[in-house]
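Got some structures for you, see below.
Below, chain A partners chain B and then partners chain C, in two separate complexes.
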Partner chain A sequence: MTSSTRTASSTPTAPRVAPGPGGAAPAAGRRRPIAWAWLPAHALAWVYAAMLTVPLYYFLVSAFKTNDEIFSDPLGLPSSLSLDKFSTALHGARLELAVANSALVTFSALVLTLCLAVPAAFAIARSRSRWAAVTERVFGLGFLVPTFAALLPTFLMSAYSGLFHTRLFIVLLLPATAMPLSVIILTQFMRTIPPEMEEAARIDGATTFGVLRHVYAPMAMPGIATVLLLNFLNFWNEYLYSLIIIGPDQAQRTIQVALPTLRSTAGTDYGVLTAGTVLTLVPVWIAYTLLQRRMQQALVSGAVKL
Partner chain B sequence: MRAQLRRLPPLLAATMLLATGCAALDPQDDGPNTLVIHTQISGTAPGAEVFNAVVADFRRQHPEMHVKVVSNADDLPQVYETSRLAGKEADVVIVNLFDKTLEWTGVGATVPVGKYADAWGLRDRIEPEAVKQWTDGKGRLRGLPYIGTNWPVAYNMAVLRKAGVAEPPATTGELLDAAKKVKDKGGIAVTIGGSDWTGQKLLLQILQSYLPPEEGPKLFTEGDYCGSPAAMKGLKLFTELRDAGVFAENAQGLTSDTMTTQYNTGQAAAMSAMSSALGKVPEKTVKDTVVSGWPVPKDGVHDHPTMIRSFTAAGLWLSPNGAKKLPLVKKFVQYMYSEKVVDRFITEAGRDMAVRSGTVPKDFPLIAAARKAAEDKAVDKVMLPDVHIPGAATQPLINATAQAFAPGRTPQQICRAMSAAYERTN
Partner chain C sequence: MSVVATAPSRPRAGAGQDRVRQDRTGRPRATGTLLALPALVWYLLFTLGPLLAMVWISALKWPGMLQPTSFAGLDNFRYVLSDPLFWDAARNTGVQLLVALPLMVLPAYMLGYYVSRRPRGHHILRYLLFVPGLISAPTKAMLFYAVLSPDGVVNGALKSLGLGGLAHVWLADSATALASIIAIDVWSGIGFTAVLFAARLGAVPEEIGEAASLDGAGHWRRMWRIHFPVIRDYVGVVTMLQFLWTLFGSAQLVLLLTQGGPGSASTTLSFLVYQKAFIQADLGYSQAVGVLLFAVGLVGMLAIRRALRQNY
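Up next, the complex of A and B:
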C-alpha cells in the first residue's frame, strides 16, 4: 500500500508547468519564453492532424453526393444535403437489423472472452510453476495461426456441430481467436500487482475467487479496458468468418456482411455506400468514445492504487 | 437485493447467448413449405426494388408457402458454395453465369434444369441464344436464363461534334482519326475500366476482329492465344489503338465506375459498357448519346461495328435442396417467367431480359436503343467469351488484360500473360 499511497499523494500536487527544453522550469511570475525550437514539431503535429481530417471529411461529404460529383470533385461540397442516400442504404441492405446483429454478436463474444481470459491470466500470473510459463507460450503460439488457414477447419467444425448459419458459432469462435492477445495482455497487467495484496486479502479470509474479484480484477482494469477496446474493434469489423458461417440471411447477418450488398457490378452508387458506412460507424464511434474514456479512467485509477 | 444485483450480469450474458443461438430474429425457419431464394438482385442493384415487389406479390398469392429471400452481392458464389458443402444451400439461386458459377453444374453444386424448362413450358419463353449460352459443353442447361445485357458502345455526339467528328466511327481508321481530334481538344476518346471486367470484355472484343467465329470457343476454353494467328492479329490491333491514345490515360488503373463517370460527365467521347450502366446516364448526356458498336478493321472478319450480346447477367439455378421441393420451385419459376413480371423488370428497372418480350423500356431510352442495335443487322454480334473461359481462369485473365492497357506491353507479352491465366485450369 505504501507505494500506491505515495503515488496518490504526489500526483495531484505535481507542478503543472512542464520544464522547457533545457530542463529548467520557468520562474513564478515571469513570462514564459516562447520555445521556438518546438515550432517545427507543433507545425508537423497540426499538419498531421489536419491530414487525418481530410479522409473523414471526404467520407462524410460523399454520403450526400452522386457518383459523378464524387469522382469529378472529390473534396467539393455536396450540392444537396438530402438524406435520401441514408434512407436508401437503410432500406436496401436492412442495416438496422445488421447493426442489431453485430451488436449482439460483439457484446456476447466480449462477455465470453472476458469470462475466459481473466481467470486464465489470473492463474498464469500468480503461478510460479514452469507449466504456467509453458501455458503462456502456448497462448502466444495462437498468433502464428493465419486467419485463412483456420477457415476450412472452422467451417467443417460449424457444419458438423450443426451450428452452421447461426450466430452462436461466431459468438463461440470470436473469443477463441481473441484469447492469445487477451491472455497475454492481462497476464502482464496482473504480474505488476504485488503479491502482498493477495496475502493481505487472504489474511482477511478471501477465497481464490474473492482475490480475483476484489483484488486482481479491479487493479487490472486498465488491461481489461484495453482488451475490451481491441476486441470490440476486431469483433465488430470481422468479415470473412461472418460471411461464410452466418451466411446471407438478413435476419442474422452482421453489418460487415450487409454493407457489401450495397455494391453492384452494374454500377455502385458510392453515395449510398458511404452513407451506409457512416450509419454503421456511429455505434462504433459511440462505443469507442465510451471505452476510451473508461480506459483512461482505469489507467489513472490503476496508477493511483499502485 | 445486492446479491440479486450481483447475479444480474452473468444472467444477462447467458440470456444474450441463448438469444443468439436459439431465438432467431426471423421467427420462421426452413421447412417443407419454405422456399429459400438466394439472390444477387438486391441492395442497390438494378431491378432490386422490382424483385422485392414481385416477391411480395408472390407471397400474397401463395399464403400456403413461406418464401424466404437471402442475398449477397459479388460474394454470393462463395457463400453459396460453402452453404452447399454444409448441405444448407438455398433452393433457388439467382446469380450470373460468370467465373465460379461456370463450374457449378459440373461439380454437382446445382442441378441441370433442361428437363424442367421443357416440363414447365419455359423453353419457348426463353431466347434461343440465351439457352445456347447457358448450355455447357456436355449439353446440360446450367440454369434458366433470366436477365441479359448488351455491350454496345455509347458515343457522346456533343464531344465528337466539338472535335469535328460528325458520325460515330465505324471503322478502325475512323476511330483513330476521331480519337486524335478528340484528344487535340483535350478530351478522352474512349474511356474504359482497364483494371476490371469492362477492360477484359473490350480487349476480347477487339481480339475477335480477325477471329473466325468457329475458332472462338476453343481459343477461349484452352487459352492458347500466342498460338492463334488471328488472336495475335487482334492483339496487335489492340496495341496500335492503345499506343495511338484511343483509350483513356492510365486506363490500366481505371474501373467501371471511373469509366461511367468520365462518360456521364462529358469528359469522354465514348465508352463500351453493359446496357444496365446506360440506364444511369444522366438526362443531359442521354440526349447527346448515340448507341452503336465497336469500330472494325476493313480487313477483319466483320463487316459492321461489333457488339457483345449476353444473356448471362442473371439466371435461376436449381440447387440439390431445391430439387427436393419441385412443386414450390415450379410455382415460383413459372411466376417469374410470367409476362407481367418480366414486363415489370423491363419497364420499371430497364433490364434486358433473356426472356422473349416485345415490351420496350420507354423510360430508359439508351437501353431501348442498345436493344434495337443488338437486333439490327447494322451491328455484328461477337461471341461472349465468358461462357467459354474456365472459372479458375476468369480472374487471372482480368489481371492479364489489365496489364495489356499499360503502355509498352507488346502483343507477345500480352498473349503470354493471358495464356498464363489458364495455368490453374489444367
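Up next, the complex of A and C:
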C-alpha cells in the first residue's frame, strides 16, 4: 500500500513519461508480451456480455413463437414474424391501457418534479444564507431515507387522503422520491452560471421569476435533461408503490403492474408474456439508444452524487 | 414537519441575507430563497412523515387494516425477535448480502478496469453493460421466470449438454430458490456497477499507471495495488449503494418470483416487511421489522464506509 502511494505521489515529477502518439492508447498495445495475458480478461468480459445478451435475445425471438416452439428450440429463430402475440398482449390483456397509464403517470410526475426542483435549485444555487445551506444538506442526506422502508405508511397516507386506488397519488409521490437527486444535480449546474448574467438581466428590469425563466433555466438545460432522463427511467420502471397504491384495476394500473399478470398458473403463454415484456422495454430502449452517452452519464451521476 | 425544518434557520436566514446584501448589488433576495420551500416541504412530507409513522406503527398492536389499534410498547419487537420466521429471514438476508456483494463488486471492479483501458470493442461492451440498469424489476422477473422455468433456457441447455440430471424447478425448489434470486441480482448488478467503476477509473490520471508499468508492474498488480487504493473511497460508495439496494430492494424480485417460498426458503427481511403488511395484515409486526431493517441499513452503511475509507 505504502509503495503504491509513493508511486502515485511521485508521478507529477516524472513528466518524461509522455503519452504515446495515440494519447490515451492503452498500455496493453505498447507492451507486446502483455497482449496474450489479456486473453482471460477479454474472454471473461465477453462471456459476461453474452450472458446479458442471450436472455434478451431469447425474449425477442420468443415473442414470435408458440410455447411448443419455445420449449423445443429456445434459441432458434422464429419461423414467422407474425405480430399476433403482440396484439394479444396489447388487446387481450389490455396492455395498451397500461402503457397509456404509465405514460400519463411518468409524464405528469416529470412535469411536477421539474416545477418543484428547478425553483429549489435556483434558490439554493444563488443564495448564501444559512437556511439555503441547511436545505441543501437535507437533500444531500436524502439517500439515507430508503423509500421502500416506508411502503406501509405511504399506503396508509393514500388511504387517509382519499387518494387510494388513484394514479394521482403516485403522481404526487414520485416527485418527492426524486427530489434529493434532482435538486442536487440542478444546483451543481446552476452554480456554474456567473452572477453577472443575472445582474445584466436585472438592469433590463427582470424580476426574480424572469431571471429564473430567461437566464437560469436555459443555461441549466443539460442539467434539466439529465434530471429528466434519470427520472424518466425511475418513474417508468417504478413497481412496488404502483402495485400497492394504484392496484390491479385494468383502467388505472401501470405497465409494470400489468406485466406480471401475463403469467398464469393454468399455463403461461410465453409468447404473449415475452411480447408484453418487449413492449415495456421499447420506450426505454429507444431513449437509451438515442441518448446513450447522456443517459449513462445521468445514471452514473445519479448513483454517485448521493 | 416543515416547521421543524424552517424554524431554527429563520433568524439566521435574515442574517445571511444582510451579508448577501453587502456582498452584491443590494437587490432583495428573500423571494428567491423561498422558492426552495415547496420542494423541501414536498420531500419531507412524503419521506420523513412516513418514516416517523413507521416507528409509531411499530409500537401499535394493529391486527388488520380495518381493525382497532391499541398501544403495544415494545411487544411487537419482543414478538418479532422470538419468531423463528424472522430469524429465517435474517439468515437469508445475511446469506444474500455476504454472497451477492463480493460477487458483484469485485468482478465489477475488474470489468470496469478492463473497460476503462479501452480495449477493442469497449464501446459495445459499455452499451451492453448498461442494459441491466435500464430494466425494471418486473421485466427482470419475467425474464428469469421464463429463463428458469422448467422448460426454460437453463434446463434446456443442461439437457443438451447431457446434464439433464442437474435440471431443476429452480424457483420452486427450496435448495435453489434463494440462490436463484441472488444470481439474478448478481447478473444485473455486475454490469451496472462496472460502468460506475469504468467512469471513475477513466478519471484517474494516465501517468499513475504509466509510472507503475515502467517499474515493471503488470495489469493485475496495477489494478489492485495502484488504482484500487486511488479510488478506494469510491469503491466504498458503490459497495454501500449495492448494500442498500440489495437489503431494501430484494422484496420486489422475491414477491414476483418466489413469494418467499417454498416455506420460508427465500423470505428476506424486506419481503417479510411486505408480507406481514399486505398479505398477513399484521401491521405492527411488519413495521417493527421495518424499523429493525432500517437500523441494519444505517449500521451496515456506516460500517462499509468506514472499512473502505480513503487511507492516505
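By definition in this document, the second predicted complex is superposed on the first by the 213 of 306 C-alpha atoms of A that agree within 3 Å, B and C clash if a C-alpha of one lies under 4 Å from a C-alpha of the other, contacts with A are read in each partner's own complex, and residues count from 1 in each chain.
The rule is short, and it goes like this: a residue touches a chain if its C-beta (ideal position, glycine included) is under 8 Å from a C-beta of that chain, and two chains touch if they have at least 3 such contacts.
Model, not experiment: these values are computed from the prediction.
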Return first, second, both or neither, reflecting whether A:252 touches chain B, chain C, both chains, or no partner chain.
first
Contacts for A:270 in the overlay, against chain B (first) and chain C (second): which applies, first, second, both or neither?
both
Partner chain(s) touched by A:120 [first = chain B, second = chain C, both, neither]:
second
Quick one: classify A:226 as touching chain B (first), chain C (second), both or neither.
neither
Please work out whether A:104 is in contact with chain B alone, chain C alone, both, or neither, and reply first, second, both or neither.
first
Examine A:236 and indicate which partner it touches, taking first as chain B and second as chain C; both and neither are also allowed.
second
Residue contacts with chain A in the superposition, chain B compared against chain C:
C
I'd like to know which partner A:171 touches here: chain B for first, chain C for second, both or neither.
first
Can you give me the overlap between the chain B contact set and the chain C contact set on chain A?
70-71, 155, 159, 244, 257, 260, 262-263, 268, 270
Which residues of chain A touch chain C in the complex?
1, 3-5, 7-8, 10-12, 14, 17, 19, 24, 26-28, 31, 34, 37-38, 41-42, 44-46, 48-49, 51-56, 58-59, 62, 70-71, 74-75, 116-117, 119-120, 122-124, 126-132, 134-135, 138-139, 142-157, 159, 172-173, 175-177, 179-180, 183, 195, 199, 202, 208, 212, 233, 236-240, 244, 256-257, 259-260, 262-263, 268, 270, 273-274, 276-277, 280-281, 284-285, 288, 292, 295-296, 299-300, 303-304, 306
Touching chain A in the complex, chain B uses residues 13, 16-17, 19-22, 24-26, 38, 42-46, 48, 68-76, 78-79, 82-83, 85-88, 96, 197, 256-258, 260-262, 264-265, 267, 274, 276-277, 280, 282
In the complex with chain B, residue positions of chain A that touch it:
67-68, 70-72, 88, 92-93, 97, 100-101, 104-105, 107-108, 111-112, 115, 155, 158-159, 163-168, 171, 243-244, 247-252, 257, 260-270, 272
Which stretch or stretches of chain C touch chain A in the complex?
5-6, 9-10, 12-13, 15-17, 19-20, 23-25, 27, 29, 31-36, 38-40, 42-51, 53-54, 57, 65, 107, 110-111, 114-115, 117-119, 121, 124-139, 141-147, 149, 151-153, 156, 187, 190-192, 195-196, 199-200, 205-215, 218-219, 225-226, 229-230, 234, 237-238, 241, 244, 248-249, 251-252, 255-256, 270, 273-274, 277-278, 283, 286-287, 290, 293-294, 297-298, 301, 311-312
